[in-house]
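Pasting the structures in now, so scroll down.
After this come two complexes, each holding chain A, first together with chain B and then together with chain C.
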Partner chain A sequence: MQTNTFSINRMRRRVIVNQVFKYIFIFSMSLALLALALLIYRILNQGLGSLNIDFLRQFPAPYPEKAGLFAGIMGSLYLMFLIAPISITIGVSTALYLEEYAAKNKFTRFIQINVQNLAGVPSIVFGLLGLTFFVYLFSLGYTLIAGALTMSLLILPVIVVASQEAIRAVPEDIRAASIAMGATKWQTIWRIVLPASIPGILTGSILALSRAIGETAPLIIVGAAAAIYTIPDSLTSKYTAMPIQIYNWTTRPQEEWQYLAGAGIIVLLIILLLMNSIAIWIRNKFQSRY
Partner chain B sequence: MKNLKVFLIAALFVLSIGLLTACGTEEETGQNEDTTEENNTAEGKETEVDNEQELSGEIALDGSSTVLPIMEFLTYEYNQVKPEVETALNSSGSGGGFKKSTVGEIDFSNASRPIKEEEIALAGENGIELYELELAYDGLSVVVSQENDFLENITIDELREIFLAESGKTKWSEVNSEWPEEEIIIYSPGHDSGTFDYFNEVVLEENPMREGEGVTLSEDDNTLVTGISSDPYAIGFFGYAYYIANEDTLKVLGIDNGDGNPVKPNGDTIQDGSYSPLSRPLYTYVNVDYLKEKPQVHDFAVYALENAGAAAEQVGYVALPQEKIQEQINAINELAGK
Partner chain C sequence: MDTQQEQNYSVQEMINQKKSNKSIFNTTEKIVPLFLLLCAIISVLTTIGILFTLLRESVTFFSDVSLAEFYLGTQWSPWSGKFGVFPLIAGTLLVTAIATCVALPIGIASAIYLSEYASTRSRKVIKPILEILAGIPTVVYGFFALTFVTPILQGIFPDLKIFNALSAGIVVGIMITPMIASLSEDAMNAVPNRLREGALALGATKLEVTWKVIIPAALSGIVASIVLAVSRALGETMIVTIAAGATPNLTFNPMESIQTLTAFIVQGATGDTSYGSTIYFSIYAVGITLFIFTFAMNLFAQYISRRFREDY
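Up next is the complex of A and B:
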């Protein structure tokens, strides 16, 4: 009898604890969703009125009604076209070396940990690095290529880590099978490992690129212009980027600029969402399970 | 599987091209930079002979975010008249601008404070001379919330007691017994801004400002505006343009500089200097060598001065008197040998 009430009490307590945690989790999720909904509502509310074709086509201007994001959009796209090849080539190569070639010893682990740490370094630090190396040491000046190289450095660790995960997920069995068929290491990598890991690598890379497109701090340091009336025509051109223009508008006192900033944020969000959708699409399309 | 391979090859192809171009440019850039100046001067001589309208080349500007709106107006309008000249305008703060101008990286260095001795010295070491141009006036406005009912005017001494760390006063009643016994909430621009530098110089006289509880520092002036307007016991300061843009939620205080005659900032009092000591000129510093060598720099300098008044009005600052503008244009022409 006594044991019976004891176990019923225990049961009841477990059920209550279960319920409590369920509601805590639901509450946390709603908080996150609420924040997202508020953000989207505020931005749409503020920016939708200023968002039109002219806004996408015009250069910055001292008059809110004539100002546009064109220089920023083009600048950001040019940056992407430079950052993507640079960072993905170097990043994937690094990951391949670490996973496939490097001996599994303390030194490799040390590099591994440092790459992971680098992924968490604040972006402003990469800006300072870019300023010291690309702008001054390589005397690239405040140019498009200096900005692109800096941003490539910024997202490189993220790409390395993501690619490593993807490469590691390729089963050892099919590697062994390939080697057993007489393939060299490189043939195995090229024909077996890379095709199998490409979805993971590209997903990681595109997410990293999305981070780069939204960054402001490093670009300010390596000298992206606040107001410019030409789009880059060479790697050594002056440039600006979307977040720089948006930031510039939010710091103005007059209310109209805040609306423009809102419109700019909408454009940036759309481009970000597009990039993320591409990442998801690639993952689904090329995914194959072993 | 075959699809994938094609995709992969295509991707790698694009990547390698990207890498090659990236590497290629690093070598080219150095040469480019060397030749740019020669090009500019060569073109300059031609255009001088030919026609002023065919000016081309680049103009690099950087500096104070306070001056940025004026400069944006000027570069934008200039671009309409002389589309061949490429202007690149940055805003990394007065100090950030001087960091670049004292090593000759930029043509114009915008500033909301005069150049410092050490910056002049640094420029001198690099063989660079910067010439000061005044573009407009800004009135540093000391503001409280519209809900504040006990303040209309304030003396410089009272400001010092409120803002100085050494005074140790944290309640309004401690500064003036007629004021309520409430905590003083301070909103101030961050220490990197020229606005803070200016306040620090003329009001605090380089003594440390109160910090910690009840003090908010922000580089974003809109944060200051929001904070002050919602708290009747808050006080803060920033550029005149920010007060004008938020007139309906803020109350600007008349400043009494000790003669018992408080003056509120407005277009007239700022221009004629009676709003003292809190009205300040906004500057741009032009590199004298570039002024002589690059015709587009001289052309823009003259254009900027001629249109600074319109620019100031558009963005909420106060224009210089016409004589002062003309004086500076003459000085510039003389410097450039024209």
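Up next is the complex of A and C:
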């Protein structure tokens, strides 16, 4: 009798502990969600007041009411148009080589591990790489193309890994079918494998590009400037970018600049949200299952 | 007879044409893999480039400042010729430790809830929302730390400096939380259901299943996610540059203003540092120190997930 009540009590305690911990887990997770909510609330609260058409059209200025994000937006767009073809070409080619052509040997494994390790290198180290090679060694200086090349290398591993996954998901059957119909290896890749894996490749590439748009540290190192009063007109122009402007405004002591930084962040986040939505849309729309 | 000949001729022509086409195919078939290989080598060259850059400039730096002075010195004030990197390392470790204290419990708890308690529907909603946190640019987190978290903390601790390690550390923690949560959740999800059901059938509660079955089975994935997140925190730049300050204090007091390895690289590269000066080369010596830290962490994470993986 006594052991029975003992085990019932024990049972009850175990069930209660289980419930308590469930709520502890929910509570901890809510903290992360709360942080996100506060972050968004804070930024809207700070930035919405300064967000207007003039802010989008004006160049940087010494007075907060005259300053705008136009040079930053255009700089980021130019960067994106340079980064996308460079990094996607190299990234997809690397993935194709690794998945379709490479023999399963030590050299292939080395490239693979190398790509994985590159993905873990802090972005600021890529900035140092760009500073030595592109800015000084290739004497490109603090120019748009030096920034674009640095950022392309930064997001390269992300694109390689995403493309590899997309290419791997194309089933062996349709490759074999194509070869059996007399197509050569490259014809099969170009006409069968690539079209089938394009949605995955695009999704990964857009996500990688949105990372490049938000990156600040490497651009600071390779010399994106804050006070830029023109739009880049060649590859060797000086340039700025949205995160650089935001960083610059954030570090100024007067409160008015903080509002501008908030407004800039809203624009940046909207652009990132758009890019991510497009990526998700592509994934859902074109994802074909075999 | 005439038609016969004509036909013969056209067949011959077709064969010839086919042959010439084939040689075009053959060249493409040979050139394309070469081109792809060249592209694949770019990623290797990038790594070599990083190592070359860091080593070459550091070697120049260490011809001015001895290794012992750099790694054993306790004063960092490059503009007055004091190059002891220890304060920067201490600052980096302090911020990373605070970030880990924030991210570890929240990240693991979120992963457990999402993987073991939440319904499929709420998991599908909550996980992407958490991952939004991972996609927010770090300059935005820096803004958040400086203009929101610091003032709130100053309300609680009046001695807190405007630039301090605490605020930066907490926000870095928020940034790496989704990394731990998402990767750990993947690891827990990969534990097969029959283990869960077996334990439940023996009368274990969900918490006991999680604690005694799921976490041990997914441990390699969980630890790897934590190590990767810590490595991310070590290399984080913008949050600490904006919110933690630029005063290389040798302190483990989170209320103080500090400087991290990454923040110094930004300061050194943007200030009026001339190319070829000792300060310029010191950026690379600091960079290679940071690189060694994060590289070791990444290798460690890969080792754990390979060595201790439980396959079911």
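Convention: the second predicted complex is superposed on the first by the 261 of 290 C-alpha atoms of A that agree within 3 Å, B and C clash if a C-alpha of one lies under 4 Å from a C-alpha of the other, contacts with A are read in each partner's own complex, and residues count from 1 in each chain.
We take it that a contact is a pair of C-beta atoms (placed from the backbone, for glycine too) under 8 Å apart; a residue touches a chain by one contact, two chains touch by 3 or more.
Computed from a predicted model, the values in this text were never measured in an experiment.
Enquirer: Mind checking the superposed model to see whether chain B and chain C fit together on chain A or clash?
Expert: Once chain A is superposed (C-alpha atoms), there is a clash between chain B and chain C.
Enquirer: Identify the partner contact of A:A177: answer first if only chain B is touched, second if only chain C is, both if each is, neither if none is.
Expert: After superposition on chain A, A:A177 lies in contact with neither partner.
Enquirer: Of the two partner chains, chain B (first) and chain C (second), which one does A:G120 touch, if any: first, second, both, or neither?
Expert: A:G120 contacts chain C only, not chain B.
Enquirer: Quick one: classify A:I8 as touching chain B (first), chain C (second), both or neither.
Expert: Touch status of A:I8: no partner.
Enquirer: Once chain A of both complexes is superposed, is A:R42 in touch with chain B (first), chain C (second), both, or neither?
Expert: Once the two structures are laid over each other on A, A:R42 reaches chain C alone.
Enquirer: Applying the touch criterion given at the start, work out whether A:I220 contacts chain B, chain C, both or neither, answering first, second, both or neither.
Expert: It touches chain B and chain C both.
Enquirer: Spot which of chain B and chain C makes contact with more residues of chain A, would you?
Expert: C
Enquirer: Applying the touch criterion given at the start, work out whether A:T89 contacts chain B, chain C, both or neither, answering first, second, both or neither.
Expert: Touch status of A:T89: both partners.
Enquirer: Check the residue A:L235 against both partner chains and state whether it touches chain B (first), chain C (second), both, or neither.
Expert: first
Enquirer: With the two complexes superposed on chain A, say which partner A:R252 touches: chain B (first), chain C (second), both, or neither.
Expert: first
Enquirer: Looking at the overlay, what does A:L194 touch: chain B (first), chain C (second), both, or neither?
Expert: A:L194: touches chain B, not chain C.
Enquirer: Which one hits chain C, of these parts of chain B: 7-15, 79-87, 169-177 or 223-231?
Expert: Residues of chain B that clash with chain C lie in 223-231.
Enquirer: Of the residues on chain A, which ones does chain B touch that chain C also touches?
Expert: Of chain A, residues 89, 220, 250-251 contact chain B in one complex and chain C in the other.
Enquirer: Going by the contact rule at the top, pick out the chain A residues touching chain C in the complex.
Expert: 14-15, 17-18, 21-22, 24-26, 28-29, 31-33, 35-36, 38-39, 42-43, 46, 89-90, 93-94, 96-98, 101-102, 110-111, 113-118, 120-129, 131-133, 136, 153, 156-157, 160, 184-187, 210-211, 213-217, 220-221, 243, 246-247, 250-251, 258, 261-262, 265, 268-269, 272, 276
Enquirer: Along chain A, where are the residues that touch chain B in the complex?
Expert: That would be residues 59-63, 81-82, 84-86, 88-89, 138-143, 145, 148-149, 194-195, 198, 220, 223-230, 235-236, 238, 248, 250-255, 286 of chain A.
Enquirer: Which positions of chain B touch chain A when the two form their complex?
Expert: Going through chain B, the ones touching chain A are 1, 4-5, 7-8, 14-19, 21-22, 25-26, 28-30, 32-33, 58, 60, 65, 68-69, 71-73, 75-77, 79, 83, 86-92, 105, 220-222, 225, 239, 241-242, 244-246, 311, 314-316.
Enquirer: Along chain C, where are the residues that touch chain A in the complex?
Expert: Those residues of chain C that touch chain A are 25, 28-29, 32-33, 35-37, 39-44, 46-47, 49-50, 53-54, 56-57, 105-107, 109-110, 112-114, 117, 126, 129-130, 132-133, 135-144, 146-148, 174, 177-178, 181, 205-208, 228, 231, 234-238, 241-242, 262, 265-266, 269-270, 275, 283-284, 287, 290-291, 294-295, 297-299, 302.
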